[in-house]
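Here it is, the structure in full.
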Amino acid sequence: MLSVREVTTAYQGLVAISAISIEVQKGEIVCVAGANGAGKSTLLKSIAGAERPRSGTVTFDGKRLDGMAQHHITATGIAYVPENRRLFPRLSVRDNLRLGSYLYRGDANREGPLDLVFQLFPRLAERLEQRAETLSGGEQQMLAIGRALMTRPRLLMLDEPSQGIMPKLVDEIFQAVKRIRDAGMTVLIVEQRMAECLEIADRAYILQTGRVLMQGPAAEIRGNPDVRKAYLGL
Amino acid sequence: QTSEVVIGVIYPFSGGSAQQGVDAQKAYETALEVINKDTDFDLPLAKGEGLPGLGGAKVRLVFADHQADPQKGRAEAERLITQEKVSAIIGTYQSAVAVTVSQICERYQVPFVSADNSSPSLHRRGLKYYFRAAPHDEMYSAAMFDFFDAMKKKGTKIETLSLFHEDTIFGTDSGNAQAKIAGERAYKIVTDIKYRANSPSLSAEVQQLKSANADVLMPSSYTTDGILLVKTMAELGYKPNAIVAQDAGFSEKALYDAVGDKLEGVISRGTFSLDLAQKRPMVGKINEMFKTRSGKDFNDLTSRQFMGLIILADAISRAKSTDGEKIRDALAATDIPGEQTIMPWKRVKFDEMGQNNDADPVLLQYIGGKFVTIFPPQAAIAEAVWPMK
Amino acid sequence: MTALLETRGVWQRFGGLVANSDVSISVGRGEIVGLIGPNGAGKSTLFNLIAGVLPPTQGSILFDGEDVTHMPAAERCQRGVGRTFQVVKSFETMTVIDNVIVGALVRNTVMREARRKAHEVLEFTGLAARADVLASDLVPAEKRRLEVARALATEPKLLLLDEVLTGLTPTEAQTGVALVRKVRDAGITVLMVEHVMEIVMPLVDRAIVLDLGKVLVEGKPADVVRDPKVISAYLGDRHAQRA
Amino acid sequence: MDKDFAARRRRDLIIAAVLAAIAAATPLFVKDVVVQNILILTLMYAGLSQSWNILSGYCGQISLGHALYFGLGAYTTELLFTKFGVLPWFGMLAGGVVSALIAMGLGYPFFRLRGHYFVIATIVIAEIGLLLFHNWEWAGAAMGITIPIRGDSWLKFQFLRTKLPYFYFALALCCLAWFVTWWLENSKWGFWWRAVKDNPDAAESLGVDVFNSKMGAAAVSAFLVAVGGSFYAQFVSYIDPESVMGFQFSLLMALPAVLGGIGTLWGPVLGAAILIPLTELTRFKFGGSGRGVDLIVYGTLIVLISLALPRGLLSLFSRRKKTGAAR
Amino acid sequence: MTAQAIIQSLASGLLMGLLYGLIAVGLALIFGLMDVTNFAHGEFLMIAMYLSFFLFAFFAIDPLLSAPLVAAALFIFGAVVYLLIVRFAMRAKANAGMVQIFTTFGLAIVMRGLAQFFFTPDYRSIPHSWLGGKTISVAGIFLPEPQLVGALVSILAFAGLYFFIHRTDFGRALEATREDPGAVALVGIDKNRVFAFGWGLGAALVGLAGAIMASFFYIYPDVGASFALIAYVTVALGGFGSVFGAFAGGIIVGLVEATTALVLPPSLKSVGIYAVYLLVVFIRPRGLFGSI
């Protein structure tokens, strides 16, 4: 479904990822892990069009994405929840969610995914009129995912969704991710909480200093002794 | 022998009063044509080409933009003198700029002709190189009151006045002069409104004028405010008995194009009148020359600018030199009879402060789309229509 | 000796929403205390009240034996309250070292001293290599470390850490844990908010659990994680199994 | 690292000294008064902009009302001189003090405002000042004040025959403003200001007295600008409200810093060195046409420079990558 | 002063206030809602007035009729200005605020220069427009028709803008883009389209104001300067981010101006406006109804 080939992205000449290739199949949950600064976020940004790759190709369902404007990429069915969430701080929760369905204005069923969102994150339903900036950190993360779901993505990309989330909810979020997949979406997720993430993931990639260090089925990665030592802290 | 004499012309060529600068440019170019070409007018330098005193040397003008800023005026004057080597400077429309330009001229001993500044304080600063052939606001205002006195003698009721003047140097000076003379001659000022130039609205001001409803409304306003004033008066249903304006906006074509129909019978002071052409045909011809350049008739400002340059060039010619001091002396010795001007003046002769006290102002009334001279009697060609309309 | 920090019946309301209700906690000198609780429980709000961003709607705050309830934030910093922000607030157009110098200036009026102190703190926090980089060019994890460094530079008695160890791989987190210990060993009391139990629980001496703005449970970490109230409100069943 | 830093500071100081020395020597070669005039204005605006930069560039409180302080400096000096015979040197000091006090007085209400609300408040207060002076008869109202010419004298700081004293004063002012900036930049205040600009909340949490930082910056900035205003009044020897308190001054003070590099040590000087001669030359060259060409050229340049170099011209010179350019 | 005169003053002030509101409504969108500084607002107005003038001078179309044309032309102009200039000013990472101030300020200078170049600095006006100089008198209170129509258009423009911002997706998209232009792509919004449309709409509203103004005001290259500061104060007084605020701001400015002129010398009447602005923001640092 998504295929990233030999993508290199740099910031002002500083190469952050170099010649990375990854694949995501429809219906999969793919986990990307790696140390700080390994280039995980950069990879997602390069796919979402937030950064322009210097070379390499990104194709999504046979469509070339690299070089496409970011909002067009969203329209092709990729939703991206960045690390810092990028909510609209002074708009209400409701407006943030409504904006998620901007692409479907005029559509009678535009608020369709809202049920799923409230089902996943009932807290949001209680906070509809509150400004996004006054939400607690965890609530903000929920809203960011909720907003992304409103764009009815076929591929959902999450950058460290568990960051700042209470343990109970971390599990819920991972469960939610599973349910999101079960609702027909594909998920590409960057996580530091590898243990939890690998539990739900089908496959995983491990990045190191801008390159793919390791890849394979989640279970395999989880069993790898190096990984256990270096990333799972076991 | 010099083949060319350079004169600096400093005006606002950009900003809010750029129009005056551009009009002035046309007036000076007209004067230049009269000076440099052989024309058949009874004006100094008209006959023959160039300046006879300097072997027919031609005059060249250098224009500079002061943007209504005294500091820039100063810098431009200095540049014209030191780099363009001008022999004299003429300008400046805004009196505030004339202050600094004349100071620089004084310091470089280059004559400055204040062609169209009307602030009375200008010539009272003890400057040796300052000359003004035209009247200043006190003279103008005095003429207005002379006119009121004359009208009163004829039985017209003129007791109360409303002053309406803008808040820059021109309006303030004019308002002060009028208030002073009104006091001396026992006219009652019922309202004295100083307003902010280029205000977006004059409703409140006009409302006060209307409440006061004086016998005469005396505005001192530039074109923009003049237009707005007249429109606002119409909108608020204020029809004054008479308007006697301190020139400026009220001698501008733009104002009459905009609101002329509401101004039948308005009186403005001035120092020029086109109807002088009836007595002095060359006035009409020179006006035509100006009109082909600018598309406008001479008005109070452009006529003064034209005349100023003629007077200055004449002095240079008589000085037979481009030396500042010699030109200054020649200017001081100027004595041009009124008939050899396009103005209704008695003559051009400067007092020791550089002011020509024989520049008689006139009062003009706007009748049937034209200005006719109504005062003083010797210049008048018609009786004043009072009240207006 | 009295507690370093004490809050007495502190309330904070935002319109109809009660973010803190009747919170009374105390933190002793030299402790590392974990403040945990569900998202939106009011932890960051309590930090804001302690640091003096806003006065509590009701209640009082004592620091180092002094009532600081209405003292402005800057003065509290001078008294020894250092804090980090959950949503990082770096001085983006300044370099890392300059960011830290701002903090160091609280106790060092001589520039040279402040600069030396700042370098020392950067060494201590492992940011020395990034000293001359603009704060805006740091990655999120580094920015959080900068928050800590800046706060440390003020030489606080009490350091409030709001989720500074978030987004680290477990290995990296261990470095962070070591850093917090070092901080405590340097004599600084730490009150920290963190959601990653694997990190906090081994680290803290005592844990306070906030829920819906109220103190739910307080005690030794081992006891707290077993508390059914905490499990149901915060940790979730899975954690219960693991714990 | 520390050595680098100290070396950079020293380098700045040496460059400044060399530049000042070169500037001081220019009158030996430049006899043309027009060029001298441009140099004086350039130095004056460099100094003014440097001073503006303290409040707006370093401390981040964007003021478009500094004409108020400029005008207050000019008026205080000349009112004291013409009404009470106080020598301009004392007037200058008095003007600076008055402006600084007013700036601090205004600080109480103003520094609670953020963003556009603050900017508009500064514009509006300067406009109020302008209108009040316009209507204040004792201060000459619209007529302004003509400084009586009493012949060349250092005592009265008045020179007709030569521009050199003005030149050196402008140079001194520029150097002073630069040096004050240089000095404060590496002081508690300099750090506080930049912290306040970037993030007042964080600054507060680090013990920065946000309010007083702003007050300090405002006072220093207003004082220096007022001294510039005094100088300008003496230099032009005529002032009226419009020509010393008009909005254009507020912009002209900001412009060099913005074009050169706002919040930097060298930005204002660099900006003024380019902008002022450019302004003068475009007016010389195109101003007399009456067709607005000078405006078109000038405006286009401002647009282009702002767009092409948002960090100012200085960013052209800094070879260091973005990472180091913060100073 | 008679009661009637006072009522007249207030009535004039109210009408004038609505007119200020009309001039400010475009700014309320660009500066207030989109949070982009536009120092060329007065010059937009000037261009609109010239357009009306030339449509009248060459085709004898009354400004009232040409208003839609002018608005349409200004829409294109505004969008183009955004796409060609402002877009790049907003991209600046460093001190974006100053970059915006000075690019639009430079643009204002260029526009004045171009107007002078092409239209000459002459003062123009439309002598006999349908509205110009006409007035209705009710019980001795004069209500000038241009201002009445201006007031009506002002109310409609504000109502329309209010509806647009609060009831359409576009309005929400606009707010979102203002909040974080880098984030709207996450929900599939093209920020440049939104902002270009916003600028176009803002300029079109100024176009309406210009057309109304042209029927009774004088026109010259610097005419915008007279209105610019009042428009900024109007928007800020009402509070950034609030359409209603700008509307209320206009009315307050008009009334304050009229009442100040009753107690102070008229040359100080804008001091009243400025003082009220300062007073309001001291009490409410975000203006009367502002949200940002």
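Brief remarks follow.
Each chain gets a letter, A, B, C, D and E, in the order it is written, and its residues are counted from 1.
Everything below uses one rule, namely that a contact is a pair of C-beta atoms (placed from the backbone, for glycine too) under 8 Å apart; a residue touches a chain by one contact, two chains touch by 3 or more.
Values in this document were obtained by computation on a predicted structure and should not be read as measured data.
Minimum number of contact steps separating subunit A from subunit B: 2.
The interface holding more C-beta pairs in contact, when B-D is weighed against B-E, is B-E.
Of all the chains, the one whose CA centre sits at the greatest distance from that of subunit D is A.
Remark: subunit D and subunit E have CA centroids separated by 31 Å (rounded to whole angstrom). With centres set at the average Cα position, the gap from subunit C to subunit D is 43 Å.
Each chain gets a centre from the mean of its Cα atoms; for subunit C and subunit E, those two points are 48 Å apart. We define each chain's centre as the mean of its Cα atoms; on that basis subunit A and subunit C are separated by 28 Å.
Of all residues in subunit C, those that touch two or more other chains are 93. Listed for subunit E are residues 94, 112-113, 116, 121, 221, 265, 267-268, 270, each touching two or more other chains.
Partner subunit A is touched in their complex by these residues of subunit E: 169, 172-173, 175-176, 179-180, 182-191, 241, 291-292.
Within the complex formed with subunit E, the subunit B residues making contact are 14-16, 18-19, 21-22, 167, 193-196, 198-201, 203-205, 207-208, 210-211, 223-224, 227-228, 231-232, 234-237, 252, 254-255, 257-262.
Across the interface of their complex, subunit E is touched by residues 62, 64, 109, 112-117, 120-121, 123-125, 127-128, 131-132, 134-135, 251, 254-255, 258-259, 262-263, 290-304, 306-307, 310-311 of subunit D.
The touching residues of subunit A, counted against subunit C in their complex, run 33-37, 41, 83-84, 123, 130, 134-139, 141, 160, 163-172, 192-194, 230-233. Looking at the complex, you find that subunit A touches subunit E at residues 48-50, 69-75, 79-82, 86-91, 95, 98-100, 102-103, 105, 147-148, 150-151.
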